[in-house]
């Protein structure tokens, strides 16, 4: 089925240093993966490379047995891989509906796009309510929802969400993960990059830990969640000496 | 900040006495030698006549070295590109010229004061314009030139577009250019020396930090705004003085002589071609560009093509050679030590 | 009173052409963040094409838009491809493009002076010298035609941006380049097209002003000052803003010219530019050029 295989990817920005240094990863169809790791580990870089927004310097990416590295972003979208950037970047001076329409930009069939938007409106009534509002007037959570919905217009098989909870209030984060759960139920393959490692892992099948541009390991999410090393490093449970320091 | 400061070089010199003695000798000897040759050159004209063309060309070189070197203080060190630096040139020429026409005081006497007034104008303009950056700043400098040009074009007192003739008492032809030559030579040496001092000072370090990352520089506690404004002002000082001398050299004031935008552009081109942000680069760029222009005029005879050559070289340099001659040689460690002034 | 209205009419009759001149420049900035200081030079280039067609084959300058617009479109595409396409992600891109486009303007000026000399030129179709008389008022026919055609072109551009797929892609790229890429817009292609469209508008403007103004190669310097004031006042990248500021400043300049004499009219624009840059760089309806 639609397995995504990332093989020995080396990548970086401009003439800068390598951020990803020979990363390999296999994403199986229908599962939700949560990628965690410290700042600068290359989590966002990885999804940008897969999305075709950044050309890898070495290595290859196979999707359904075909190489997709070196394809343009629109060609990657054509294959059913969508990317939701971390900054919720919408088109600020377009309405919610126009933003969703732009989500279907690569589909030349505009009546199909309209039909899909109607489906999305049924699924997320709040978007229907706000459909003629300019995107820049939405709240953070609504913007994130619009951003995810914009990707859904293409009915992707694989969706990559880059830090969907970034900068949102806890209650809104809850709602966003609710949305992600809906996507899971629909059988989508999900690649989730999360700074909020606990929340991310709780909502994933597999956990992937990235460090220094290489994947340290990949395990079922529950195991990662309860791994003491991970708890210490990324889940906020500090070991004793640190607590002792804090106490002083 | 990666570059070495002079004190570091001195420390290194003491560590490697053998290598550095010759290189230090070259470093100081060659520029001093060049200066002596330039200072003695007019003696040829005095003794044999027939060198007026060369004096004239050298005057041109001095003028543009002054302008490019001054531009470099704000455009090179701080990275604030001004396309309107010839405004100072015009201000200097008109101020001293008008004082001469109305009060008969020689521009040779008023040039330093004119320079200071130009500097004051620069501080004032900098005070408002340097709140903007990037392309906004560049455009505001063009707006300044256009505005000053229009005002002078319409000012009856200075003859508007027709200009203002200055009936100077001049020496006889054989010696006429020599006083101008020495005056501009002195201003040029002063401007380069000032650039050198700034480059190796804390002030210069701050300016160069601004060109790298202004916000970080400000966070580091450097008064970026004051530094930029000061650099902009100082860059007007020598250009204003040179303008005063050049006005009296031409004995005619007209906006179209001092304020065309292609003069402002040529200054930028010279500094970038030679190497913006270096001490010797703008001077070298100015000398090369004047030689090239003179060659084009002599070979092709058409002044229209002059501007084409300026434009094309600027495009090519910006896109393919942004570090300029000195910057590139330095990066490859090929820069002769006598040109490496920082 | 009649005079005051007359001056207003003359100002409005020029506003449309100014709007057309600035529309291409604001579009190019909006999509690519390129401050195209060669815009006026390209307009003059188109004016010379119209002048040449008029002189050699007596082609009406309005008809010659059929030549200048496609030709300038191609010039724009090529210009963008050769100089800017590969450099869009350079951090100093905007700074560099300001200097590169200005240098290009000088190259165009030099080539035009070489080909056509510095003599003042204009085309002279019959309507160039005839006025329309409405009651006590008059307005030159040439300005009426030019302004009406300009407005028609700007409205077409607006409709194109609002209601076509490519137009939407252009708007999306203007608003958020990264996001446009994410939804699959080929921003490199959109940039190239926008540069072409921007210069096609410049081409149309060149043809139209060939019969309402006299021009010569170095005239672009004065016009770029004027264009910058229109584009910056309107808000860089805002088509509506450029339109608004064009009519506003055209009318103000018209009054300045009436009360203080025509030589002072350019000062209106430069002073406006200077003041806006320093006190409201984001203009009436746009965003700041840089952070």
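A, B and C label the chains in the order they appear, each numbered from 1.
Operating definition for what follows: a contact is a pair of C-beta atoms (placed from the backbone, for glycine too) under 8 Å apart; a residue touches a chain by one contact, two chains touch by 3 or more.
Nothing here was measured: the structure is a model prediction, and the numbers come from that model.
Peer 1: Where the centre means the average of the CA atoms, what chain is farthest from chain B?
Peer 2: A
Peer 1: Could you name the chain whose Cα mean is nearest to the mean of all protein Cα atoms here?
Peer 2: Of the chains present, the most centrally placed is C.
Peer 1: Round to the nearest whole Å and give the separation of the Cα centres of chain A and chain C.
Peer 2: 43
Peer 1: Find the geometric centre of each of chain A and chain B from their Cα atoms only, then give the gap between the two centres in Å, rounded to an integer.
Peer 2: The mean C-alpha positions of chain A and chain B differ by 54 Å.
Peer 1: Between chain B and chain C, what is the separation of their C-alpha centroids in Å?
Peer 2: 34
Peer 1: Quick check: in the complex, which residue numbers of chain C touch chain A?
Peer 2: These residues of chain C touch chain A: 89, 165, 168-169, 171-172, 175-176, 178-186.
Peer 1: Could you please specify the touching residues of chain A with respect to chain C in the complex?
Peer 2: 14, 51, 53, 72-74, 77-78, 83-85, 87, 89-94, 98, 101-103, 105-106, 108, 150
Peer 1: Looking at the complex, which residues from chain B come into contact with chain C?
Peer 2: For this pair, the touching residues of chain B are 81, 83, 128-129, 131-136, 138-140, 142-144, 146-147, 150-151, 153-154, 260-262, 265, 268-269, 302, 304-312, 314-315, 318-319, 322.
Peer 1: Which residues of chain C touch chain B once you look at their complex with the stated criterion?
Peer 2: 35, 37, 83, 87, 94-100, 102-107, 109-111, 113-114, 217, 221-222, 224-225, 228-229, 232, 263-264, 266-267, 270-271, 273-274, 277-278, 281, 288-290
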